Amino acid sequence: MGMTSTVPDVSVDLAPSNPRELVLRNPVIPASGCFGYGQEFAGAIDVQRLGAFVSKGITPEFRSGNPMLRIAETPSGMLNAIGLQNPGISRFIRKYPPMWATWEVPAIVNISAESVEDYEMMARRLDDVSGVAAIEVNISCPNINAGGFCFGWDARMSADVTRAVRRATTLPVIVKLSPGAVDVVEIAQAVEDAGADAVSLINTLVGMAIDVRKRAPVLANVTGGLSGPAVRPVALRMVWQVAGAVSIPVIGMGGISCVEDAIQFFMAGASAIQVGTAAFAQPKVLMELVDGIPAWLAANGYARLSDIVGVANPRYGTEPD
Amino acid sequence: MGMTSTVPDVSVDLAPSNPRELVLRNPVIPASGCFGYGQEFAGAIDVQRLGAFVSKGITPEFRSGNPMLRIAETPSGMLNAIGLQNPGISRFIRKYPPMWATWEVPAIVNISAESVEDYEMMARRLDDVSGVAAIEVNISCPNINAGGFCFGWDARMSADVTRAVRRATTLPVIVKLSPGAVDVVEIAQAVEDAGADAVSLINTLVGMAIDVRKRAPVLANVTGGLSGPAVRPVALRMVWQVAGAVSIPVIGMGGISCVEDAIQFFMAGASAIQVGTAAFAQPKVLMELVDGIPAWLAANGYARLSDIVGVANPRYGTEPD
Amino acid sequence: MATELGTKLEFMGEIVRVEPVMGDSVLTTFVAPDWAVRAAEPGQFVQILSRDPQSTDPLLRRPYSVYRTDISAGTMTVLVRPYGRGSAWLCEQPLGAVLDVMGPLGSPFAVRPRTERLLMVAGGVGAAPLLMLSEVAVRAGKQVTYLMGAQDAGTLLPASELPEEVEYVVATIDGSMGHTGFVTDLVPAYLGWADQVFSCGPEPMFRSLRDVVHRHRLGDRPDVQMAVERPMACGIGACLGCVVETRRGMRTACVDGPAFDMDELIWG
Amino acid sequence: MATELGTKLEFMGEIVRVEPVMGDSVLTTFVAPDWAVRAAEPGQFVQILSRDPQSTDPLLRRPYSVYRTDISAGTMTVLVRPYGRGSAWLCEQPLGAVLDVMGPLGSPFAVRPRTERLLMVAGGVGAAPLLMLSEVAVRAGKQVTYLMGAQDAGTLLPASELPEEVEYVVATIDGSMGHTGFVTDLVPAYLGWADQVFSCGPEPMFRSLRDVVHRHRLGDRPDVQMAVERPMACGIGACLGCVVETRRGMRTACVDGPAFDMDELIWG
């Protein structure tokens, strides 16, 4: 190893096989639902220094979201049941992308729907919207045509959504995997085959909490999504499995709170990372990652981020002979 | 509510439809793999005051377990990959049940195998062993006849194991569910139909950690089981779902560390609880639960534990009209 | 000493004073950067990391209303009641400990320019934002009546904390000081006098205040601002976890609030 | 004051002394119940909860070798090097803080009745159990040579910590005190003298010690006991997380160890 004197190259293309590509200056991306529409954090951090950001999940129509309480703290984690509060795709397109078009940092739009047709419709509407750099498809949603069974738990349904979105847009398409699938690798391979440019994982695990004084669930929605450091071991395992099984870029997330956490995900095979819950507690974590990842690489003698991607994952890249 | 002056009744029968029944003085049960063979904790706590305990998982043959490192700490949790180190069923039967036969506290034997036949064989061997009060069937094991796909992720395979064990023994049979199934309710109903006297859940989630200095997984086994407070929201959600869908007793576990945690599980519908990881950090937690659950009930004006089982779960018991 | 953290809202501030108050609560004063001290307005809050920074549990910051700022000393004060894990930790932090603080956050109380008479209705630690509002209002030459309710005399805000100009009227459940009963019993007498009412306290107090106001005021004057409490994650409008249902839709307690016009709130 | 916790191994002990030692490490002395102080033997350890008890992270206790006990004062001492989260927390605990301790745990070093000459080989915080062993051996009238290696003079155990009767020989990597090089360089000269060798230190030291002993000893005498470190969960043999591979199968570091006969260990 030894020291390199130049600044390590931490840029990454998350859609290498897409002509519209998705080149990030650095691999640090705030996660969907945890960064509003990008402007909320502007008072806290220098948003333009991020690699990219993912917007709050957008749905075909306006949603007011779930009633209170929507969040609860759990050991080293939190539950949320926001209920996809958002203005709906039409108002969203009028309101946010024009602002993003003037920004340096690429904006990725997260979309959620309850039918393949609605995913396809949203992707089509976003295709040529200036200010939108890529689409992240949240498949941890109930499929109303399959009795509410989650798209992301079934390989065929996941592929159907991916194919429909792929058909509807030339934008880079990232499919965000659900940790609830019995075999996340099967889902990842199915969406890769269906044309995804990249996969991101994990979305939240389903959890709940009970208020023993009220003898009732804490969350009005009963269950909520578990995120934060608590889920990191599960997220890292899934990233490792998926990165060893697909050849498109993998974006890792789940509990990342510091540079060492991020390095674990890179070594497991992630090309970039997303950060959600940790930035609620400490927005500065985002800046520490932007600065700290290249600093860690330099201190450990690596010239580029790609040198560590997958190094702890023997199934990653070419098999040793 | 108001205060009751008598000591609340916290006894529970975990096999009400089995003539051999499984009556516990209280609902506090150390979990499998976290309490050795009962004697390890004897120096730390009064083992005989527990409701019951579950022994380390036993397999058909001796297993030396996995190489080091076997455990790693994670945020509010831990990973373990012990690899079912145990003496094998024959030596086990000679060594431990004779000691337990002289104890007051009921001993539950946890069994693990890689084929239906091996589960059945172990259940038959245990059937009339004095000192064994019940069998807990760990179905979070790879089925070698199904390419290593975990028994507990598939309703049919879970039912097959349950039926075989049920055939082989009149002992109370508790089936321990895996949180890796896409739909834990489906599995619970399948094992109920196949003759389980009770279900217990959850077993560990699969996770991993990477040592960034060594650029390799921390655990020799790469992945390990995640347990401890970190998983509690997931465990509680699954207990809630299962308790609302089966009529046999549900034994809840996953991250329980204090009386309030236990009350959450009871209110979700658990009739008893198991405690694993928390007792590693603080053996006294077991005694605090034994004393604290009746104290909580008394302080809140309940005469018996069963008064709170499922109170936060509208799907529990008879539907309101 | 206050250290800034390269971000525009987070800073590290050393605790320079810890005073017991209102029974088991404490007034914790910490150093803050000049921009934070100057920016803070009544009704705003700070989010304080309430754990060892090496630990990830409890994970989220805890919001505390700004109780007082001192521009010349460069400090902020919060009033903390030990309740659960976060507040217990915070109450135990000794002099010299360094807090990780984010803020000031939220929207201040909206005092209309022509308002001359402010009525405060405080319950428990809800006293905090109203103390700061009282100080600012008195400094601006306005008249303030501060009503406070508590269990007993020992858990009331000491009169010495308030500016002399403030009329301080109290109620205690056990009758050990002032009116025997609820603070909201005191309100009707002042509704004709007040131009605006500002309130902070527990949910049952808000409900009772609403009923009293509905019963006793004329039309929709005086208007009532209620600073509500919601569990918060981000504190900056990004997570939508802290919403309050209002006639104008779901609004965030952390950015649009914590104070809302009583008449805008939809009561569940 | 030491408070027992209704269990037979856990107690709460107030810190009564904190002394810096060996550079950035500290000697932390806490009150312990009489049974615990009397039971503790050299080579045993205690498990210390290294977090705020209200927090669940870091979750597991941390094992620390017993460095010294004082029966008349009713105290135990541990030597803590700040390394990760748990030890950093522990090093920061001030006088008067109360630790949640479990122990003593593990098997003591096995000093054979006829052993008269003990050779200690210590690296880093491995000095701790060997300090206690030296004190006990000297009190029993035995001869002790204590070899210690460190980076530099500042990170060696001060000679004043050891009984006067002990021959203390040191090695430093930077040559600032004693032999320039590794502690294991010193070992060959003592192998003929010693009846038994006791060692504690980092993994590379153990490997180098094994090679030196293999090269220089006659037959299998003296025998060498090595107190190994393994991450531990329970500390009482229940989880099988801390196993060591030996010729007699997988053995637990927490119950069968931490000290094992070098010749029994299977080296990966």
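Read from first to last, the chains carry the letters A, B, C and D; within each, the first residue is number 1.
Basically, contacts are C-beta pairs under 8 Å (C-beta built on N, C-alpha and C of every residue); 3 or more make two chains touch, one makes a residue touch a chain.
These numbers come from a predicted model, not from an experiment.
> Please identify the chain with the largest separation between its CA centroid and the CA centroid of chain A.
The most distant chain relative to chain A turns out to be D.
> Roughly how many whole angstrom separate the Cα centroids of chain C and chain D?
A distance of 52 Å separates the two centres.
> Per the centroid of Cα atoms for each chain, what is the distance between chain B and chain C, given in Å?
46
> From the C-alpha centre of chain B to that of chain D, how far is it in Å?
So the centroids are 36 Å from each other.
> Two-or-more-chain contact residues of chain A, please, as numbers and ranges.
75-77, 228-230, in rising order.
> Give the residues of chain D that touch two or more other chains, as numbers and ranges in rising order.
Expected reply: 56-58.
> Given which chains touch which, is the overall layout a line, a ring, a star, complete, or other?
It is complete, because no pair of chains fails to touch.
> Enumerate the contact residues on chain C facing chain B in the complex.
Interface residues on the chain C side: 56-57.
> List the residues on chain A that touch chain C in their complex, please.
Where chain A meets chain C, its residues are 33-36, 40-41, 43-45, 56, 64-65, 67-73, 75-78, 80, 82, 85, 228-230, 257, 277, 279-284, 287.
> Quick check on the complex: what are the chain C residues that touch chain D?
Residues 51-52, 54-58, 85, 88-89 of chain C touch chain D in their complex.
> Taking the touch rule as given, give the residues of chain B at its contact with chain A in the complex, in rising order.
Against chain A, the touching part of chain B is residues 74-77, 79, 153, 180-182, 205-210, 212, 215-217, 222-224, 226, 228-234, 236-237, 240, 255, 260, 263-264, 267-268, 308, 311-312.
> Would you mind writing out the residues of chain A in touch with chain D in their complex?
Counting only chain A, the residues touching chain D are 75-76, 229.
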